[in-house]
Each structure stands twice: as C-alpha cells, then as structure tokens.
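Structure record follows, encoded as structure tokens.
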Amino acid sequence: MKKLILASALLTASMVSAQQVSNITGSGASFPFPLYTEMFNAYKTQAGVSVNYASKGSGGGKRDIINRAVDFAGSDAPFSAAEAKDAPAEVSFVPMALGAVVPTYNIPGLTTKLKFTGALLADIYLGKVKKWNDAPIAALNKNVKLPDLNITPVYRSDGSGTTSIFVDYLAKVSTDWAATVSKGPQSSVKFPVGVGGPQNAGVAGLVRQTPGGIGYVEVTYAKANKLEYGLVRNKTGKFVDGGDLKEVAAASDAEILPANGIDSITNSSIGYPISGYTWILLYKDQKYGNRTKAQAQALVDLVQWMLSSKGQEFHDKLDYGRIDGQAAKVANRILAGVNYGGEAIK
Amino acid sequence: MTTDVKRPRSMTSAADTTFKNIIISLASLVLVAVFLYGVVLIAGGFPAFAREGFGFIFGLDWNPGTEKFQALPFIAGSFLTGFGALIIAVPLSVAAALFIVEYAPKWLAVPVGYMIEMLAAIPSVVYGLWGIFVLIPAVRSFQSWLVGVTGLDWTPTGIGLMSAILVLAVMVIPYVCAIARDVIQLVPNDQREAAYALGATKWEVIRYGILPYARAGILGGVILGLGRAIGETLAVTMVIGNASEIAKNLFSSTATMSSLIASQFGEAGGVQLNALIALGFLLLVFSVIVNLIARVVITKLTPVGTRL
Amino acid sequence: MTNAQENTAVQAKTFTRTVSSARQFQNAFVGGLIALGTGIVLIPLFLIVGQVIFNGISAISVDFFVQTERQMSAITGGGGVLNAIVGTIIMVGLALVMGLLIGIGTGIFLAEFSEHPLVPLIRVMSDVLTGIPAIVVGLVVYGLLIATKLTGYSAIAGGVALGLIMIPIIVRATEEVLKLVPTNIREAGLALGLPRWKVTLSIVLPAASSGIITGAILGVSRVSGEAAPLLFTSLGNPDLVWNILQPMGAMPLSVYNLAFKALTPAQNAQAWAGALVLMLFILMTNIAARTLSKRR
Amino acid sequence: MSNPFQVQVAERTASTAAIRLEAKDVSIFYGDKEAVKKVGVSFRSNTVNALIGPSGCGKTTFLRAINRMHDLTPGARVTGQLMLDGINLYGSDVDPVDVRRRIGMVFQKPNPFPTMSIYDNVAAGLKLAGETNKSKLDGVVEKSLRGAALWEEVKDRLKAPGASLSGGQQQRLCIARALSVDPEILLMDEPTSALDPQSTARIEDLMESLKEQVTIVIVTHNMQQASRVSDTTSFFLLGDLIEHSPTAQMFTNPKDQRTEAYISGKFG
C-alpha cells in the first residue's frame, strides 16, 4: 500500500509541477498567525494563490522547514545551534513583523495602567515579589491604591514564541533569572512559580478568572480581548505602552538589523523593551527535492508581496509593528538572495 | 444429466489458497503497524534514553532550559490523574449501571442509558473548552472557599491536578458504566430470584447476589477506563497547568505524559523532541499494558457465574 | 429486570414483617444513593451540552456552513467551516477505506481461520492497537510519513492516522459478528460446491454485514472527534481542498484553532459553534449505529 | 489440467455400473480418536440409503466424509477410499470443491442463507459460481423449487426473505437449493429431526420422487422413517458398520443380534 501511495504521490507531484502553482504551505509561529491569516486571505483574492499556514509554534515551524515538509516556516526565534546543524542547507530569515508582549493582570477595581520594570517582572515570575502591595510595586505606582492580594503569575504552558521573547527580556534584565531559568530566548522554560495556561486564550482566561493574577500575552491579543495591561520601563527610564506601535517600531529602529536579518531587540535602548521580530523562513537555494522553479517563484512572489505596502497594511489594524526603514532594506536584500540552483529568481 | 464443464480457476480450491494468502497479508498489516509503532518511537526516542539512562524514567528534572529530560513527574501525573479520576468515576459508574439495570423502570432506564453514552460522544476538544470555561472557575470557587475555611496560604487558580481529575472522571464514566452495565445484565436471573426467595432486600440482593458475580467484569471495565484516562490528551492539556513537576497537592499544577507531548511537541527540537518521542514510547507501553490487563481480566474472569 | 421487580413486589407484600426496619432503612438509603449517583453522572452532560449550544448557537448561520476558514477574519469577522466539514468527511472516508479493508480482512482471519498459528498473536496485537492513545498515533504517523517525506502533511497522512485508530474497532466487530454466523450456513454454501472464499465473501460476510456496519459507524464516530492525531499529520487548511496529497482541515482542528489560537471573542463563538456541529454529527453516527445494531 | 475425476464426469452417464458410491476401509479420526472404523459399504444409483444407529455411532461423521466436509474440521482425518463412480474422492488431484458440487447436502436444521430472498437462496449456487444468465437462473429456480415441492407455495413471493418461511418450508427450500446445482448424490443429515410430523411427511414423500434424479444417503434417528423411505439401511454402532442390508430385510430379519436389539428398541 505504501508503494501505491508513493506512486500516486509522484504522479500527482508531476502533474502539479506542470500546472501553475496555486498552493503554498507554511507552518510555525502562532504569534503572527492572526496577521498572516489576514495577509493570506488578501493574497488569495489578489494573486489567486492559496497559502495554507498552520499555526503550530515556532519550533514546529523550524522543524518543518528543516525536514522540508513545508514551503516556508514562520518563527519568532532564530535557529538554535542544534537546529542550524540539522538544516540541510542555508535557510534565509526574512523579518516580517514586529510584535510586543505585554504584562496583563487582574486587580479588582483598578482602572489606571500599572507600571513595571523588567527587574520587577523577573522578581514576580521568580516568586520573590508575592503581593501586589509589596514595596517594589508600590514604589513604581505611587498614586495607585494597591490591594493586599497574592500575586499569581500565569505562564504559557505550551511552547511559544511569546514566552521566548518574554524570557529573553527577563534574562537580559535579571541576573537571577539568567542564572536559574533561561539565558536567552527559549520557547518553553521551567517557571519556578505560577500556573500554566495553554495558548493566549488559556493565559488570558486564567488571568481574568484569578484576582491577583498576572500574565504575559501578545499586545494584539490583549487589545482584541480588551485586557488590562501595564507599562514597562525601558532603558531610558520611560514607561512605555506596548500597544503603541510607534514605540515598538522605535525599539527596532534603535538597533541596526544585521545583514542576516536576525536580531534580538528586547531591552532595546529606546522604544518598548519587550518587542521582537517574527520571521519567514525559506531555503536560500530553492532548488531541492523535486521542487520546480515555478514553485520557488511563487514563494518568492508571496514573501515579496508580504513585505510590500500591500502586505504591510494589515500590521496597523492588528497592532503588529511594520518592517520598514533599514530593516525593510535588509529584508528585501535577503529575499533578493534567494535563488533557484544559482539562478536568480526574477 | 449435468453439464459439468471445466470451471474457472476462481471456482476451485486453488482460489481458496489465494484468498487465504490475501487475508493473511491483510491481517499481517496489523503486526506491521504494531512493529512500526515500536520502531518509530524507539528510534526517535533513543537519543533521549541514551542520554538520560534510567534517569529518564526515574528522574524528576525536566527542563528544556538546561536540556535535562527526566519523565517521572509526567508518569506520576498520568497515574495520579488516572487513578484520581477512577476514584470518582467508579462509584458513580457502578451506581448508574445499577440504576439502569436494577432500579429504573424501562421508560427511564433507556433514556438514562443513552444519555450516559452521549458523554462518550463528546469530542475531547469540547471537553477541553468546557474545562477551561466552566470547570476551572468552578474548581477555583471551591478552592477559594477552602482557603476561606482553612486559612491556607494558597492562591486559588482552579487549574491543576483536581481539574484534570474531574474532567477525566467525566470522560471515563461512560466507558466504565457501559461495561458495568453489561456484566450486571449478564448475572443470571436465578441469582436474583434465589436471594429474593431468602427474604433479602433489594440492596442485599445486589450486595450478595449480584456484585460478587459482576465484580471481575467491573474490574476489567475499571482498568479499561484507566487506559482511556492515561491516553487522554487535549482536554487534560487545557486544565492541568502543564508544570514539569509532581503535584504538591490536589490543586497544584502538574502534567501528564500525553499533555506534555501535546503542549511541547509543537515547539520542540533537538533532544527535547527525542525526549518527547521517548515519552510517547513510555505512554504507548503503559497504555498497552493497562489495556491488555483489562482484556485479560474481562475475558478470563467474566464467564458468567464465576466468582473471583 | 421485570422479573426482579415482580419479585420485589411479591416480597414487599408477603415478607414486610420479617424485614427489620434497620435493613429496610439501609435498603432505601442505598437506593437513594444510587439514584443520586446517576443524577450526578448526568449533570456534566447537561452542563456541557447546554454550554455548547448556548455559546455556539449565535455563530451558526448559513455562512458558517458554506464559507471557509479562509474567509474568517479577525478584522471583519465572518467565514465558516465548510473546508473543515469536507476535510473531516474526506479523511474519515480514507480512514474508513483503510479500516474496512484491513479490519474486515483481519476479522475474517481471526474468525474464519481460527486454527492458524498466527491468530492468537494477531488478536493480541489488534488489542494492542486499541490501547494506543491517539496522540501517540499522531506522533508515529508523523515520524513515518511526514518526517520521512513519504507523503508530507496531507489528508492521506491524516487518514492513515485515523485509520490506525479505526482498524482495531472494525477487527473486533467483524470477528465477533462472524463468529455469530452459524457454522451450518458456511457448510450449506460449501455443500453447493462453492469455494471457501466465495462462501466467506458472498454468504457469511453479508450475513454479518449489519454488525460490521455498526462497528464501522462506531469507528467513524470515535475518530471524527479526534484532533490530537491530526495536529501532526493533516496540518489543517483554511481552504476547501479535495486533493488528498495536500494538507487538509478537519472539524476538531478548527474547533481547537478557533478556541485557542484565534484572536477575537467572535471567533471563540465560532469555536463553540464548530463544537456543536461536531457533537451533532457524532451523536447522529452513534444513533445510526445503535439503530442498526438493534435491528440486527 | 488433467483431472481424472472430471474426465470421468463426461463419461459417467454412459457408465453401466449400478454402484455409484462405494466406501472401502474408510476410517475417520478426530485427532487420535477413531470415530468411524474401517467401514466398507456401497450405494447403488437412484436409491435411498439410510444410515441408522444410536447417537455418537459415527453415522453423521461418515455422511460428512462423503462430500469432504471434514476437510474443514481441524484435526479430522479420513483414511481408506471413498469412490464415486470408481474415482477416489480423496485422490490427490481431486478438488473438494468439485466433490461438493456433485454431492449435495441437506442439514439437520434448516439453514437458508440469512440475508437472501427465497429466489436468491435457490439461485445462490449458480449465481455465486458465476452464472449470470437471468432466464437460465429463473428456469433453475423454478425447476428446483418444483423438485422440492415448494414452488406452488412460494411462487408469488420469491423476493421474500428465505427466513420468513416456516420450518418445514425452509427445509424444502434447502433441498431446492441443494438441487439447483444438479448434484448426483444428495446427503441428508437428519433432515426432518427439527420438523413437525406434517412437514416430515412431505419431505419423506419428496424423497421418493427425488430418487428419480439422485442417489440419496440419509442419516436418521427415526427407524420408522428409515423403513418408510429407504431401499437399503446401514446400522452403525460405536464407529463400526454392523450391518448393511436391503431395508425390508433389515427390519424383518436382521442378521446381527445388535441390529435386532437396536431396532427393537432395546437401546438407543
């Protein structure tokens, strides 16, 4: 039976290659999933190409692209050393959007936005700050009447790019965190205290249902579901709102994006400090397996469109940061390097 | 008188040999499938086994940050939630089975039986939804009440072992109940009549005339329920909290083998991926053992009228 | 049961005086407990069904059935689950083909060739398949078909995963009903000078068909709600696709994605609506199976 | 394909041999247990031959050996020779399917095919062997049902399920089914033991007319039945064939004391 499947697979594959490419499959990060959903819907109308993106997590996307099980992957994190080693050829990382992670909380009766520092967030998630009226919080929020309420930290129980950006930030601002929990970006870590909820919905649900709860979610999700979230102090000492796209853009502008497109912008000198890139991953040399030039072309067209103003128009509506300025130049240059067995595409 | 012309080969015994071979090949695919399960999981999980040794099974530290992968918390989680669910589900299932077979009039027994089976028709992901939006708040209220009464320094969250146990209990009830019902129905009627003839009350009839006969079969159903509970994934993942540690108390977050696979597989790579596949292998082994024990118990011990 | 009841009645009339009031109290008390337990069992059913209907009904519309997930938008709303409904039908269909072919074949082997030395082994292995959790099935099919690039993410991989779950259910049903077909039916066929394969396929199997169909429907109802094995194999697809070599959506996947990965509360309502549709489908298959097995 | 059995088929009508079926030293074993011991007996063309004896005497076992039904019983083994028109049915190049095609069987309990109509029950033998000619099938069905004296009762409801008939009708349906493939020998294993006296009488009448077409071997518990319907009778006891005689002689003047004891009801 396997033979039969294989035979029919080959048959269909050869049939498909003869036709115009109308399907592209991707998988990976759930962080940009709402954005990509809108983009790909529009792309289907505009270009007639169906893009199927399965939101399964950055790690799953990276694994899929390494296994060449998909045409492209989405990821909020660069390759780990092991992943880079497993990849059979060079994979290009095209930055596609910026996202921010915000601390959301549930304190009954509170109407003003709370202020946090990175160190405070780390101490909360390390279990060092236990009550909402503890001194470190009170010191930052002098005009707010804080209740004598236990803090319940809530984290993502599934592996996630959101966690990756959040813990990367905590590792940069807290030596304790870096020593005991995570040294850098990592999609699932062992949180010393708190409870885990699955997906954004799980975290948000837990926070909403738990008086005294605090969690971290993407700002997009927080806004769409009208969650309370706090401001975070950046290096300049300013308390920044992650929902302000200008601040997120500022964070990326503060750093020069390297030529490979990969950079961590958490704890940036200006802008919102818990921000990160999300990337589209594709093989630099598109000629592999029985991949046709038409397929390669279709993919590059898609990514180009996503980087174009037509693709980037959805960012504002959904509260993702655009890729523009220097980052956009880098992104386009990376995409221009994608080829088909040495042949340039376009 | 007859026109016995030569018959096509398909109408001879020779064709039977071909038929037999086809049937055996089809049946052998079952063996191939089981073999492939073993090969894929062992091959995929081996690096993790090799790295951790017996620590994989007996160690407590699962931490992707330090690349330490030891699975005891999840093995414990699977059995804790499984047995916990049974503690709740078994008495209720047996009660419901007795109600349907022995107590309820037919007009009530039939719809009640249908409704209990409907519980088995609800997809796991729906249980997950229900768990998050209904069960967890309910458990949290209970926790708050408990904290209020005892003054314990807990933060009620609703998420954790207890919620997983409850959701699993609801999910295994239809399985245990169906088997309990079947075996109680199989108890010969003269058992009941003999007991009644001695002047026993209904409960005494059940206690001394029926339960001793049905006990083995019910036990088989209970073990089968344990197998279901261990393998259940999505619903548990949503409510258990998925903390990589053994539950400290009834309400703390923990994880089961299947919930950990579901929540980490998507993001895993490298050794973590191997470790999750190895965990899949352990899960396979445990659930297969549990299921086979259940089958043996049911088939060997239930011939009607045999006492344990 | 009726017998037992009559007995109770008779006993109540004649022996009331000899039963001590303590025993009577115990009897009534336990009866009450049993009824209470049954009531407790039914509570979650009403809660869940009520919750699903209450939350999902608002998102049910014609569009929900004729549009696809591609048309869902966090910004504008709308869209439906046609892609997932079709995907579930296709993949469950594939699983059914695989389950029926291997399941009936194996069932025939176990029942009709019961002297074969492989029978005990294959019976145990079929039971082993029954006990394998769905998530492990997903892992293994992922390792077998996707990691090896044999099929890639595709409906066929999803169908194989669901088929693996369905096989043992059909094996068991087939074996059991074949054993119920009287031996003399087989002998009558053979005595007509028919070869054994013809007797098995054209006389014995049809005689057992309603039982096998019941088993198959139970299998369908069991796998239609499975999301775990599809997450790693069929991947999901927001578009309506018919090509089984492409990734494909399925109802449980849609419910899962809409509930946990979607952005807006309106999309969560669609998750409940999907759950409602899925539950109704599974309920209908269950009722169909029950009706058939009653008629047998 | 040189099958001596089939070659013989073409010539058999021309054969003048009156003996159709002959057993030589036939022993039948279930595992180590010898259920039928070195039986030698012959049955002539167009006769009814009864096998009688107490339960467990081996008569049914012997009957089932004639059309190789034991091939399907694990552990069963037949030794000796069973000849149809001089050809050993257990010869290495004889296909049991061919044997059964020529030697039909009617069973103790009526066993119509459960899912089939009356028509399909009778047509099954030909239809499943690949016959598709509708008018030929119609002809065979009518002829067989007439042969089994059932036609008049069922001709208006041929599409009704076979199982909807009464017990006696079902058994005649089974006889019609057996006749449909035009067997030369018809084996009947206590065909009336599950029927009421009236149905029994009908089937006994039927046997009388059937022997025009076929040679019948019938196992019966009922000695009156044997005396009424059969031309020869064989008495089995504990696996041995004690006596084989013309029926009239057997019941009036048995050669063996044990036969006499049995038919006079001293045991059984």
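Note that the chains are named A, B, C and D in the order they appear, and that numbering of residues resets to 1 at the start of each chain.
As a convention for this text, contacts are C-beta pairs under 8 Å (C-beta built on N, C-alpha and C of every residue); 3 or more make two chains touch, one makes a residue touch a chain.
Since the model is a prediction, treat every value here as computed from it, not as a measurement.
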Each chain counted as touching chain A and chain D at once: B, C
Middle chain, criterion being Cα centroid separation: C
Which of A-B and B-D has more C-beta contact pairs: A-B
Euclidean distance of C-alpha centroids - chain B vs chain D, Å: 54
Averaged-CA centre spacing for the pair chain C and chain A, given as whole angstrom: 37
Centroid distance [mean C-alpha coordinates] between chain C and chain B, Å: 15
Junction residues of chain D, two or more chains touched: 97-98, 101-102, 129
Per-residue multi-chain contacts in chain B, two or more chains: 10-13, 16, 29, 133, 262, 265-266
Chain C, residues touching no fewer than two other chains: 194-196, 198, 231, 259
Every chain pair meeting the contact rule: A-B, A-C, B-C, B-D, C-D
In the complex, chain D residues that touch chain B: 1, 6, 9-10, 13, 95-98, 101-102, 129-130, 182, 184, 213
Sites on chain C touched by chain B in the complex: 1, 3-5, 7-8, 11, 15, 18-19, 23-24, 26-27, 30-31, 33-38, 40-42, 44-45, 47-49, 51-52, 101-102, 105-106, 108-110, 112-113, 116, 118, 121-122, 124-136, 139-140, 143-144, 164, 167-168, 171, 194-198, 200, 221, 224-228, 231-232, 252, 255-256, 259, 271-272, 275, 278-279, 282-283, 286
Interfacial residue positions of chain A with respect to chain B in the complex: 1, 56-60, 62-63, 66, 80, 82-83, 86, 150, 152, 157-160, 181-183, 186-191, 195-198, 201-202, 205-206, 209-210, 212-213
In the complex, chain A residues that touch chain C: 2, 5-6, 8-9, 12-13, 23, 25, 27, 30, 33-34, 37-38, 40-41, 44, 50, 52, 54-56, 64, 67-70, 198-202, 220-221, 224-225, 289, 314, 317-318
In the complex, chain D residues that touch chain C: 67, 69, 72, 74, 97-105, 107-109, 111, 113-116, 124-125, 128-129, 174, 177-178, 180-181, 183, 187
